[in-house]
């Protein structure tokens, strides 16, 4: 499913947080959203997912304006994975993944085979199938994120939005999760902090600065030393590893020089 | 007519008048009484009554009805000493709120209540209909009814001075119900006489003010006082004076600074028997008043004008009059200029 | 202990509900047989069968009235009140995402006391309004104030709880003011004693009213049980799962308000039931609300009936506030919850 955003603006009180953002995501593509803190990544993600209403502009998913689709219908197609969502309730892994079937179940309907299949499949994809009965409170950070992703997968979505899914995780888990998302047959938009991970796993990258789109394109095209200095205020060297067509950013510890 | 027959006629006539006179004070049953918005009918004089509330019980005991009482409940204070012997013949279910089942298990044929909390629509114990449905007539003290005419009477603050009238009505009603109207009349007459005696003994004195101190959680805390127009005000009025505290609330709490500012002529220290706070006892109150460096400077304390009264008198009940008499006795020994 | 309709979990739930129902019936039976009025067990049994038309034994009207009008109606109201408070507790713990939430944390009993003193002490309504109605209005007003302050309970759990604290303080202050400046001590004592909670004043009409309110509330809550589960990870997550967050919050908050206010207006404020029973029920049937809510209702009902029996046996012939019993059980339980929820080193 494709995603098209046109002229999105959104703000809180009098502050504009997302300013006239337009972008598009091709079906099956993995789009990375990067930018410094306060650049509006999280808010933009939520606007795209329909969790917030833009002050102006529109979002179309597969040609349909999401503002005209009911919440429930939308959530059958679109899944959202938050940053480290937490709970105090004593739920099990299976309980959490089953929540993902909520959009497909009516208030009193029983548990169907389709539901069970979706859950089992989702758990398998994130390699947590053997841990269905484990208590949530005993999982590690990485395991919890995988379960959240399994829950999103159980929704059987066509589009997935992930808000910094790799924060606080071991590097092993960070790579594992991003690889998993990229291998999914979905359109996905991932907000990320780590520029190298964005370079490794995203088909295209959108750079946000001050709520506006600063650059948009393949990692190689976008992640230039110039941009890195201007937007992220770091001195960096971009190189290309021999066995891949993706750039690798090497940060320098020296103070950033003023732009030319 | 011959003299013997005249004599016989005269005796008969006398007997008839006597009987007629007696018949006036005898209750005829069925008796219907209007009580707190309800008509209650009695087919005969009760033999097995339950009194819910100290005041109702004490009135019945004063009317000499202890052998027609099955039980009583809710005694916030200890019984009037002169009634102790009679009261010992009547079972006390509990000094707190009783349960309806406990009351019913005594097989009452009449239930009289002092407060709507003991018998009323919002009571956690019983409604009047609980008894009425079983054919047990009920009576609620007139002082407890919500009056529709003058709101200041029973509920809400008092704008007018409390008086014994509603108590007299209660005595009269109960006496009629139990077919002891003559005792009721005698009791009311006795109370009225005692009221009048006090008024006569103590002429109005504008400068005479009383402070009624019920109790305090501790010396430093605000004191609970008897307020302006309640029973305390009534006692003060009977004794020719007025309540030093003018607020209309029945139980105002006041700090000692305010009490000193009120500068009462006489301090009435209540003897409260419940044993909750140290200052419940009159002895402790007097000790505090006389030993505290600041408060002992009050004119009343310096001149030894402290009297003791039963705390029960500060609740609107027959005990109020007894309390007034208790104070009156001590006043005579004081120098009231 | 997990999914709401799969496999062994379902069997366990049915077994638990069945056992609870049996326990409830036994408890109600015990409540009908125990009391200050000494009635033979045989008479109790015959009284029930008489009412059902199975026998025609002669029973003294007073005994019949005690068994049927007093004890049985009281036990059934206790069961309904326990069920209702437990359900409200479970709902609030989910909506506020706080394990220590219960209906009275939102200032409800304070509001009820203000409503009651307005009617009794100020004489509002000139004698035609009862204390119950005043308490109901006051309780509802407290909920309304909290809803207003917390934007329909949508401004976040902590904010809502703070709003509850504010409402509590406000209404308590109002009550104190009214009582100290207008009333006499007897009235103040009356209201405070009433508010402590007692089933002594309930009769059959109360049962009928409460039955209707509890059934409707339970039905609505069960219809929204799945949505309530979606709140596990917060409001945003629930929205992402397609749940109409604001609507669900408002409806459930409103239902909780109605049910709690009705119960408080009938029997005063009985604490700890709404706090403790959901935890106990969760321990047995798990946190998913399709199972939790019926389990709460059952456990709450049994708990309250037994607590009421206990409160009648603590001091014979004397009315003991039932809050004493629920606190005696609730406080240690509360301590255990706090202990287990402490941050792990």
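We just call them A, B and C in the order they show up, numbering each chain from 1.
Here is the rule we go by: contacts are C-beta pairs under 8 Å (C-beta built on N, C-alpha and C of every residue); 3 or more make two chains touch, one makes a residue touch a chain.
Bear in mind that the values here come from a model prediction, so they are computed numbers and not experimental data.
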Are the chains arranged, by touching, as a line, ring, star, complete graph, or other? line
Pair of chains whose C-beta contact count is the highest in the structure: B-C
Averaging C-alpha coordinates per chain, one finds the centres of chain A and chain C separated by a number of Å equal to 44
Between chain B and chain C, the Cα-mean centres are separated in Å by 40
Whole-Å distance, C-alpha centre of chain A to that of chain B, is 79
Given the complex with chain A, which residues does chain C contribute to the contact? 1-6, 97, 99, 222-227, 229-230, 232-234, 236-237, 239-244, 282, 286-288, 341
Residues on chain A engaged by chain C in the complex (per definition of touch): 46, 49, 51, 71-76, 78-80, 82, 85-92, 94-96, 98-100, 102-103, 105, 107-108, 110-111, 116, 133, 155
Quick check: in the complex, which residue numbers of chain C touch chain B? 35-38, 61-62, 65-66, 69-70, 120-123, 126-127, 130-132, 180-190, 193-194, 198, 200-201, 203, 268, 312, 315-319
Residue positions on chain B within touch of chain C in the complex are 73, 93-94, 96-102, 104-105, 107, 115-117, 121-125, 127, 130, 133-135, 146-148, 151, 155-157, 224, 227, 230, 249-253, 315
